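Two complexes are shown next, each including subunit A; its partner changes from subunit B in the first to subunit C in the second.
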Partner chain A sequence: MSNQLHSPWRVMAHYVCLCLLAIACLMPIWVMISTSFKDDIVIFDGKPIWFFFVPTMDNYEYIVGRGKFDRYLVNSVIVAVVSTFLTLLLGGLCAYALARAEFKGRRFVANATLLVRMVPPAVLAVPAFAMVIFLNVNNDLLVLIFFYTALNLPFAIWLLFGFYKQIPVELEEAAIVDGASPLQVFFRVLLPLMKSGYAVAGIFTFRIAWNEFILALLLTGRNTRTLPVAASGFLTDTGVEWGRIMAMGTLIVIPPLLFTFFAARQIIAGMTAGAVKG
Partner chain B sequence: MPGVELIDVAKSFGSTEVIPKLNLSIDEGEFAVIVGPSGCGKSTTLRMICGLEPVTSGSIFIKDRNVTKAAPKARDIAMVFQSYALYPHMDVAGNMSFALRLAGRPKEEIKRRVDHAAQLLELTDYLHRKPRDLSGGQRQRVAMGRSIVRDAYCFLFDEPLSNLDAKLRSSMRTELALLHKQLERTMVYVTHDQIEAMTMADRIVIMDQGEIQQVGTPREVYTSPRNRFVAGFIGSPSMNFLDAQLQDERGELVVRGDGFRLPIPDRLQQQVQNTTVTECTVGLRPEHFFARNDGSGNLAALKLNVDVAEYIGSSQFLAAHLGEQAVTATVDVGPDAEPMQSGEYYFDTNRLYLFDRRTGMAL
Partner chain C sequence: MAATDRTEVPARDYRVVTPYLFIAPAVLVMFAGLAFPVLQSLYLSFYDWKIGTPLKSAEYVGLDNYIRLISDPDVRESLWVTIRFGLWTISIEMFLGIALALLLEKPIRGASVFRTIFILPLMVSPVVVGLIWRYLFDARVGWVNYYLGTWFGIEPQVWLGDAELAFFAIVLTDIWQWTPFIFIIVIAGLQALPSEVLEASHVDGANWWQQIFLVKLPMISSILVIALLMRLIDVFRALEVMYIMTGGGPGRATELMSLHIYNRAFDAQLLGYASAIAVLLIAIVFVISISILLIGNPMKDKSDV
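Here is the complex of A and B:
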């Protein structure tokens, strides 16, 4: 049996499959990055040039130098960071309550949160827009933060609920008997064990908040635009400015990449192993 | 002076009543052991004492202070959890020092206490391991260590030795007894191992279905069990119970059942004369059977049909029948004896117990 599993052909087949998948995933990214360094002549050349062209920084110089790139970057960072923080804070509290408090139908509530998540944001765009106009609060980053938090909460709650369920309640009780205040129980016992959960939830939340387009398009104005909306500005009446869009795209990818890299280091499997009798 | 006192304490989870009404007073500095079968409410009682579980009614006093509504922290109590409840992200030293660190004790003191406890529990080599890299027994010892480093007024132990092997368990028993002598603190120890209870306790509290059946010294509960439950629970192997009738045979009081007729010992004469009960249960402890009549005590002959004789060193354990009823006996016949056969055995009638068959109370 183990012979079969580890036969060279099988191993090779695995790697071939993995390589194909990797190529399929990476190719669009390569297209984006390479295009961002091409000028229009290369881009619109009859057949695609994959690797050998003279790179140019023109696209980057254009998007960073003109327009309000820095402004939009700051907007995006504020919106993504604040809404992620709020989502984790509120979602964590909800998840904790759902995992610990005894009340009728809590499992239903916990799972129902996920159902809410099934509604695509696009469906909510028009009602959201109407609300914002009615309240006369458009063009405000806070509004976007509010909607992103609301949008991400259900998934974060559901995810963190699962993580909290895995922490035996005896650990908290032991800490209480050891003399810990509620805050100490949270910061010194629960949080270290929940790191993985918050990291996973954070990655998802940040990515969605960072990339979201439709709501951002509807709810922001000249000064409150986020980067994805700004990128769409290069779809002009006179044509699509591919080089600039791709340069923008390349820059947009970097922050979530850094965030994910940092957050993923907090994910450790089997954190609660050894806490209680098997 | 009572160290821990429970007055009319009752506990229900929703509509299920787990503890109807419990009164218990544990003296300051006493080592009290609560024993009882699984699910009888031992852990629940401990959890109410330390404040993790609110009482449904009644009140709890610790050191003469009403703590019924007090938070666990305010009760000055350390507890070893049945499930260990170790902090998985802290190493052994971190687990043991957590309470002291929270209390803001000086570093040297913490180190001294942790080292001392680690030495006592043979954990010195493991101080920097995480719980997941420890065996069950080691984890249990860490759980013990976490409480004994503390200088609490009262210590609660919920089956702290259940996962240890026999050798370590008996050495830990001794260590705990020693520790209790040193600290002179009130300790409440839960177990369902009655050997543990007998060897360690100043007083034993025997519980069944949320109710206290008897409280007394190990000697008291062994020699004068209040009812059939206590008699059957204390002692190993457990007491034999045989249906019988009390009879007055021309002035001599006897108890008669299937295949036996035993005289009532002097100890019970008064009670039997005063009772109206005739249907009773006789209790015979296995260790009070003898293979030979050496003339000591008040031996009465009984005919046992031995089904199996098990060799356990200097004595043998007999699974036998007396008439139609199964009985067990341990007879001390020395390590070289052949397996015991059916035949005449002797019972020390001074050690016989009688219970009202209907109520189960001792006569």
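Here is the complex of A and C:
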């Protein structure tokens, strides 16, 4: 059997399959990136060109130079960074307590957390709309940060819970005997050991906040748009400007792609944690 | 708990409240941002509230919204579109993902490079996924029409303007984005299987097919069921890709439940009625979620150890 499986033909067939799959995954992304560097004449000619065209930066110059691209970029960064920070801070404290302490209502909180994780974002739309009117909030970004933190907390808590469970209790007990307060134990003893856990949770949280569209579309105005909302704005204009749209799409995708290249292992760990450990 | 003996009474009180202090901020945010909106949807579903009017002037209509919902052909159609979309996408994604995982599970040089590539579709923002595929399916300059025309001589189609073709387009887009998810989960499950069991079945004379259907798949069945239910919930949460590609049209051919709620609320401007549909959606999603919790609640299992 082992002979058969390790025969060069088998190995080659294996690689060919993997390569075909990789091409299927990459093809649409490459279409976007390449189109963003084409001028309208090449795009509207209708004949797909994969590699050999004269690249132009016109599309990027247009979207960065005109409109309020810098503002939308700053909005997106603020919303994603702040909500990620809040999610990790609040989620980390909560996951720690759930993983370590016995208290009344612990099981209820754990189950409720898993249940609210499934709330569809579309369900939040009307209540969020009502909340903004009722409370008369005029800082759109603050509202987005609040909802993104809420949306991300359940998954972050659940992921970090698993990481806390892997740390031996003896470490904390030793620190407590030495007179450390609970917060000191949390920040001085555990946080350094939780780096990779927080990295995984942070990547997932950032990605959701950075990519979120429907609440941002509903709750932001001319100056508070995030990048995905700004990108969708190119569609409603008369005639669809594909070059510019693809340039916008490419810029939006840069941070998630960087994460993928530098932390693929952690991302896969986070994805599989859901099904495989359960 | 060796330390408990030494702590004095006030210190112990301090430790009793501490867990609550730790969980309070997160619980408050999740309540206000997730649970409260669910309750508010329930509340609003008994009112007729139109956009642009203050909430106070909304009229209490009792069960009217629900009565209307039961006999509303548009709601029924969007529910049917969602179910049909779920059946097509999930069955194809599960089949492809599992088959590929079984074929390619053997550890191989360069596997990490391939895995990095396979998670790329999952990392691209849904809005951008919608934009890319809207371009590919574009009637005039789209690549799909071009290759179908030059390779197979098929006339250019208005993909996103025809009910059946538009539905096919969003199904294909979903398969592109989510098959890798199933693939990666199943691979992880297969590689976590104890090798002794596989060797034992091999020694007992199981062939390749028997090993797959009698040993491997049954052993990862709970993983498969959870992956399937997670995808099912995603189908009821999905809206961005369709919003960008078709806006739910033509007609309501690609208007999944989530998008239907959004369109009813902010296009038709019926906030109360949209809330009633939202309550229906929440009910469906919660039933699926509870089944996931019953199959495998990660937090419960570990705390009981």
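In the analysis below, the second predicted complex is superposed on the first by the 229 of 278 C-alpha atoms of A that agree within 3 Å, B and C clash if a C-alpha of one lies under 4 Å from a C-alpha of the other, contacts with A are read in each partner's own complex, and residues count from 1 in each chain.
Criterion: a contact is a pair of C-beta atoms (placed from the backbone, for glycine too) under 8 Å apart; a residue touches a chain by one contact, two chains touch by 3 or more.
Predicted model, so just to flag it, every value in this text is computed and none were measured.
Engineer: Now for A:P127: first (subunit B), second (subunit C), both, or neither, which partner does it touch?
Structural biologist: second
Engineer: In the superposed arrangement, which partner chain does A:S232 touch: subunit B (first), subunit C (second), both, or neither?
Structural biologist: In the superposition, A:S232 contacts subunit C only.
Engineer: Where does A:N75 make contact in the superposed view: on subunit B (first), on subunit C (second), on both, or on neither?
Structural biologist: In the superposition, A:N75 touches no partner, neither subunit B nor subunit C.
Engineer: Is A:S83 touching anything from subunit B or subunit C once the two structures are fitted on A? First, second, both or neither.
Structural biologist: The answer is neither, since A:S83 touches no partner chain.
Engineer: Using the superposition on chain A described above, determine whether A:S34 touches subunit B (first), subunit C (second), both, or neither.
Structural biologist: Neither partner.
Engineer: In this superposition, which partner touches a larger number of subunit A residues, subunit B or subunit C?
Structural biologist: C
Engineer: Can A:T220 be said to touch subunit B (first), subunit C (second), both, or neither?
Structural biologist: Neither partner.
Engineer: Identify the partner contact of A:A110: answer first if only subunit B is touched, second if only subunit C is, both if each is, neither if none is.
Structural biologist: After superposition on chain A, A:A110 lies in contact with subunit C alone.
Engineer: Between subunit B (first) and subunit C (second), which, if any, makes contact with A:S196: first, second, both or neither?
Structural biologist: Neither partner.
Engineer: Looking at the overlay, what does A:D178 touch: subunit B (first), subunit C (second), both, or neither?
Structural biologist: After superposing on A, A:D178 lies in contact with subunit B but is clear of subunit C.
Engineer: Of all the subunit A residues, which ones make contact with subunit B and with subunit C?
Structural biologist: Comparing the two interfaces on subunit A, one with subunit B and one with subunit C, the shared residues are 173, 176-177, 271-278.
Engineer: Help me check something: in the complex, which residues belonging to subunit A touch subunit B?
Structural biologist: So the residues of subunit A in touch with subunit B come to 168, 170-171, 173-181, 184, 188-189, 192-193, 270-278.
Engineer: Which part of subunit C faces subunit A closely enough to touch in the complex?
Structural biologist: Touch residues, subunit C against subunit A: 1-3, 6, 15-16, 18-20, 22-23, 25-27, 29-30, 32-38, 40-41, 44, 54-55, 100, 103-104, 106, 108, 110, 112, 114-129, 131-136, 138, 140-141, 143, 146-147, 176, 180-181, 184-185, 188-189, 192, 202, 222-223, 226-227, 230, 233, 236-237, 239-240, 243-244, 257-259, 261-262, 265-266, 271, 274-275, 278, 281-282, 285-286, 288-290, 293, 295-303.
Engineer: If you look only at subunit A, which of its residues touch subunit C in the complex?
Structural biologist: Listed in rising order, the residues are 1, 5, 11, 14-15, 17-18, 21-22, 24-26, 28-29, 31-32, 35, 43-48, 86, 90-91, 93-94, 96-99, 101, 103, 106-107, 109-131, 133-134, 146-147, 149-151, 153-154, 157-158, 161-162, 165, 173, 176-177, 182, 186, 207, 210-211, 213-214, 218, 228, 231-232, 235, 240, 242, 245-246, 249, 252-253, 256-257, 259-261, 264-265, 267-268, 271-278.
Engineer: Considering only the defined contacts, which subunit B positions touch subunit A in the complex?
Structural biologist: Subunit B reaches subunit A through residues 50, 52, 71-73, 77-79, 81-89, 98-99, 102-103, 130-134, 136, 139, 146, 150, 163.
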